[in-house]
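Each in C-alpha cells, the structures are laid out below.
Same chain, two partners: chain A is paired with chain B first, then with chain C.
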Partner chain A sequence: MDELMEILEEIDPDIDYEKETRLIDGKVLDSFSIVSLVSQISETFDIEIGPQYLIPANFNSAAAMWKMIQEIQDEE
Partner chain B sequence: MNNLTALWLSTAIKYPEKTALSDGSVTLSFRQANAIARCWAADILQALPAGEEGGAPRPVLVAAERDVSSVLRCLAVLMAGHFYVPYDPEMTSEKLSHIVSDCAPPLALGEEKHREKLAAAGYDGVLLPLIAESDPEGKALPEDSSLPGLQTSPETPAYMIYTSGSTGRPKGVLKSHGAMLYFIQAFKERFSLGSEEVIGNQTPFFFDASAKDIYLMAAAGATLEIIPPEKFVMPVTLIEYLNERKITYVCWVPTALALVTQLRTFEVVKPATLRKVFFVGEVFPLKQLRKWFETLPDIEYVNLYGSTEVAGISSAHVITADTLSDDTLPLGEALPGTRMLLISEGQEIREAGQVGEIAIESPALALEYYHDPERTNKCFLTCDGPDGQPVRRLMTGDMAAFDEAGQLHFLARADSQIKHMGRRIELGEIEAGAEKLSEIVRCCCLYDNNKKKIVLFAELMPGVTRTGKEIRSALKQHLSEYMIPSKVVMMEHLPLNANGKIDRQQLKSTL
Partner chain C sequence: MNLLSFPFFIFLLILTILYFLVPKRFQWWVLLAGSLYFYGCSGPRNLIFIGITALSTYLAARRIESLQLAQKAELAARKKELDRAGKAALKERYARRTRRLLILTLVLNFGLLSYFKYLHFVVAQINHLITTFGGAAIQDTWQLIVPMGISFYTFQTMGYLVDVYWKKVPAEKHFGKMLLFVCFFPQVTQGPISDWSELTGELFTEHDFTYHNFSWGLQRMFWGYFKKMALANALGVFVRHLFAHYSEYTGIAALIGAFLYSIQIYADFSGYMDIVCGFCEVLGIRLTENFERPYFSKSIAEYWRRWHSSLGRWFKTYIYYPIAMAKWNQKLGRYMRDHFGKAFGRALPASVALVAVWLTTGLWHGASWGYIAWGGVNGLFIIFSLWMEPIYEGWKQKLHINESAFWWRLFQVVRTFVLVTLIKVLPEVGGLRKGLGLWKQIFTNHTIPTNMHMLVPLYNRSYIDTVVIILATVLLLCCSLIQRRQPARAWMQKHIPYPLRLVFFAMLIILAVYIGGAYTGLTGGFMYAEF
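Here is the complex of A and B:
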C-alpha cells in the first residue's frame, strides 16, 4: 500500500488519497494521469492491468486500486 | 453569406428537428437551440446595444463550460453583433485578470457560480446568467431582421481566443467571421462532411481547436455531442459512450486517441459508428496510430495542421498504409485557397531537406493579436502574392522541411513554445509563473520530448528547502493545471553559458 501511495503522491501531491473516494467520478484525476498511473502500477507491482480493469470503480480510491492490484496478483 | 449568424440561421431553418447539440444531460434540436440563442441575443442587446446605434462590436466574455449553454452563449453573442471571448472557468483569477484588463469586456455571460471568480479577477461589468433548458417553448422570438449579427461584414471580429504568452500574460488572437466562413466551407467540402455526421467534441470551448466542431455543426447541420470530460478518464467508458451516442466523427488531440490504444481498449470494446478520426495539435505517436489503423482500417484518419493564428486548420494529410511506414507524418496538402510555403532568411525554399519556417497565406488568417500592433506586424506580413497582388502572410514559428516527395514535415519550434497534450504552451509563461514564488531565485523550464513531461529546474533562495511537490502545489495559484510541471529539479545553481544566460542546452542534456 505504501508503494501505491508513493505513486499516487507523485502524480498529484495535493490530493488526500486517504479520504478521497471519487477520484474518477469527481474528476479529481484526469485521463492523462491514468496512463501514467496504470503504467507505474504495472511496473511497480509487476502485474498486467488489462483493459477490463479500467473502470471508474477500480480507481475511485486508493483502497479500490489496492484491492484491484491484489485481485490481479491472485489471478496471476 | 457574410457572417456566421447567417450561416447558423440558414442551417437552423434547413434542419429544424435535427439534434444540434447535446452534452449528455441537455439535448436540443436546431429549432430549440436557435430559439434559445435568439432570446439570449435579445438579452445581450438590452445590456449591450450593437449595430448602428451601439457602434463597434464589443468583446463579450463567455464562461466556457463543457455544456450546451456555453455553445449557445457564443452563438447568441454573434447574433447580437458582438464578438465572444471564451475563458476557462477553472483558470486562476490572476490569469483571468490579465484577460479582463487586456480586452475590458463590458459584458460577461455565464452562470451565478462564475460571479466570484470574475470579481476576483477585477471584472466589474455585468454578468448575465444564461442557462439552457431542455424545453425552451413558449418564448416570443425576435424577428430575424432585428438581429444586428445578420448585418455583420466578413471582416468583423467573431471571436477571440487567448493563448499562452511567453511573458506570462496570455495573448488574444482575434478572428473574423470571414476567416471562419472560408475555412469551414473548404473543410466541409474537402472531406464531404454533411448533416449525417455526429461530432464527438473533446476540445474545451476556450481552446481554439473547438471552433472547428462548433462551426462544422453550424455549417453542415451535423450534431455536436459534447462528451462529458469524465468519459475521457477511462478509455473503455469513452468508447462505450461514442457508441451509445452514435458518434461518427472526432477531431481530437492525439494524446486522447493514443490513450485508447495505450490502455488496450480495443480488446474489450471497439468503436461501432466512428468513421472519421481527425487529429490536430501535436505529433501523433506513430506506434499508437498504427494500432488504430490496424484494428479499424475502414476509418478515415487525417492529420491536420494549423495554428491558433488561423481559423480552423491550414493543411490535411489523409493517412495511408504507406505514410504509416515512415518515421513522421506529412502535414499534407493545403486547403483550397490556402498556400503554405517554407521561408528561410526571407526567401522561399523548395529543395528537399532544407529547413525553413512555415508561412501561411490564407483567407483564414486571424485579424491580429488584440491591440498589439507590434506583435501583429512581426508575425503577420504583407507580401507579394503569386499574382503580384499584396497578400497577408503568417509566419508560424514552426520549422519544417520538404521530403523527396515534396511533402512537408514538421521539425521543431523556432521559439520555446511547446505542445503538451495538444495544448499550446509557452515555456516562458511557466517560468514567469514560477518566478512569482518568493522561494525561487531563478528557474528554467524545459520539455522532455521523450517522456512528454514538463520539467522545471529551480534555484531556491539560500537556506530554503522545498520538495518538488511543494513547488508544484504552490505553482497552482499562478498557472493553469495543464501547465504545472510534472517534475521539479532543485539545483543549487543553474548552469550559465558564456553569455551569463541560463544554459538551456546543458540542462537539456540532463533530461
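Here is the complex of A and C:
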C-alpha cells in the first residue's frame, strides 16, 4: 500500500488520498493522470491492468486501487 | 418519421398510452414494437442492416461468453495438473478464439458503416490519385442510401460487444432485449451512445406513471422544441446564407456568422436531446445526458467532456485507453520519462492515443477532408496544451494568476468559446477549401460594415424573427447560468408561480410553431442526424 501511495503522491501531491473516495466521479483525476497512474502501477507491481479494469469503481480511492491490484495479482 | 411532424406526436401519444396500459413486464415489448415501427418508417430496407448488427452482435457476444465460461471451467477442472505456463497456454488458446470472433464481428459491422459512409470518399481519393498519373477514373455510380443512425447504433452496439469481451457485462440471452438496445427509437438517430448497463437498467425496469415525470418530461420536450424550431431553425437560414456567400461579407460579419453557427448547432443538438430525454422522462426512463453547458468550458479538452459527452466517453473507453495503455505505448512513455523527464513520459502515450482518437472522431463526423482537418485541429490543441502544461504552470506562477479569480475563469471560457467556434466552422461551409476561405475572410478582411445587413446577413428578413432569436439566445444563456447550481425546472418551480410557468411554456410552444413553422422547411431536419 505504501508503494501505491508513493505513486499517487507523485501524480498529484495536493490530493488527500487517505480520505478521497471520488477521484474519478469527482473529476479529481483526469484521463491523462489515469494513463500515468496505470503505467506506474503496472511497472511497480509487475501486473497487466487490462481495459476491463478501467472502471471508476476501481480508481475512485486508494483503497479501491489496492483491492484491484490484489485481485489482478491473485488472477495472474 | 420526423420528430417535428404531426404523425410523430400521434406516435408518441399512442406509445405512451400503451406503455402504461400493458402489464408492466410487457412495457419493454411496447418500446421494441414502437422502435421497430419508427425505424421501419425510415425505409423497411434499413431494418435489414440494423437487424444484421443486432443479430451478429447477439450471437458473437453469446459465443464469446460461452468460451470465457468454458475457459474458467477447464481451468478449475485442471487446476492441479496445470503449472503456471500450462495455465497461460490454456488462457491463450481461449483468448485466440474469443479475439478472432470479436475481430470478425467488429470488421463486419464497422465494414457496413464504412461501406455506407466512406465508399464515395475513398473512390474519390483513389480517382484523384489515378487521374494525377494519367489513368482512367473509376465510375462512381453507387447509389448509397445510408441507413438511419448507423454511426450511432454501430458504435453503441460494438461498445457492448467489447464490454462482453472484457467481461464488463454479461451477454444478453434474450434477442428481443438485444434488439431494443440497438434500435431504441429516441436515441437511434442521434444518440446518446449509451453503454449497456446504463441503458438496459432503464429499459427493462418496470415504470409507473407519475404526474411529476409527465409534467417535467413535457416541460423539457417543450424547451427542446423551442430551441430547435425557434432558435436553431431560424438561425440556420442566416448561417446558411452567410456560409454560401461569405466572400461578399466583411470579416466581422463572417465572424458573427461563425458565432451564430455555434449557437445554432448547440440549440439544434441539445434541443433534440431535450425532446428525447423529455419524452423518456414521461415514461420514467432516464437517458444518458449528452451536454453539460459545454460553452462554459475553460479548455478544449474540457469542452469535449461536456459536448456530446457520450461519444467522447465511447472514444475514451474503446480507443484512447486501449492505445494509451498498450504495452508498446507504455514502454515508449517510460523511455521518454527516463531520458527526457516526467512530463514527457506522461504526455507521450496520451498524445499517441489522442492522435488516433481525433482522426477517428473527425472521420466519424463525416467522410471529407474538412472533418478530418477539424478532428486534427481539435486534437492538436489538446495535445499542445498537454505538452505545454508545465510551461503554463510556470507562467501562471510568475504572473501571480489566481486560477479561481472570476476574470481569469471568464477569460478561459471566452477563449475556449472563440477557439471552438472557429474550429467548428471549418468543415461546415462546404468543404475544407471554403472553410479555410471563411477563416481567411475573418482574419484578413477588416472592412467596416456600412449597414446592418452587411453585419448580420438577412437582418432585414424579419424584424420580429431577429428579436425572437436574440431573446431565445438570452433565455438559453440564463437557463445555462441557472443550471450551474440546480436543474432549471426545479428553479422555476421554486421561484415562478404556477400560472406564470404555464404562460411561459405556452409562449415557448407558440414561438416554436410561429417561428419554426416558417423556417423548418428551409433548414431541414436535425443537424446531427447527418452524421
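Annotations
Criterion: the second predicted complex is superposed on the first by the 76 of 76 C-alpha atoms of A that agree within 3 Å, B and C clash if a C-alpha of one lies under 4 Å from a C-alpha of the other, contacts with A are read in each partner's own complex, and residues count from 1 in each chain.
Just so it is clear, contacts are C-beta pairs under 8 Å (C-beta built on N, C-alpha and C of every residue); 3 or more make two chains touch, one makes a residue touch a chain.
As the structure is a computational prediction, the values presented were derived from the model and not from experiment.
Look at A:29: by the touch rule set out above, it reaches chain B but stays clear of chain C. In the superposed pair of complexes, A:56 makes contact with chain B only, with no contact to chain C. Legend: residue contacts after superposition of the two complexes on their common chain; A:14 is shown touching chain B, with no touch to chain C.
In the superposition on chain A, contact of A:38 is made with both chain B and chain C.
On chain A, the surface patch touched by chain B in one complex and by chain C in the other comprises residues 30-32, 34-35, 38, 50-52, 54-55. Across the complex, chain C meets chain A through its residues 166-168, 301, 316-317, 320-322, 324-325, 327, 330, 333-334, 342, 345-347, 349-350, 353, 386. Note for the complex: chain A touches chain C at residues 10, 30-32, 34-36, 38-39, 42-43, 48-52, 54-55. Of all residues in chain B, only 229-230, 232-237, 255-256, 259, 262-268, 421, 469-470, 472-473, 476 touch chain A in the complex they form. Those residues of chain A that touch chain B in the complex are listed here as 9, 13-14, 24-25, 27, 29-32, 34-35, 38, 50-52, 54-56, 59.
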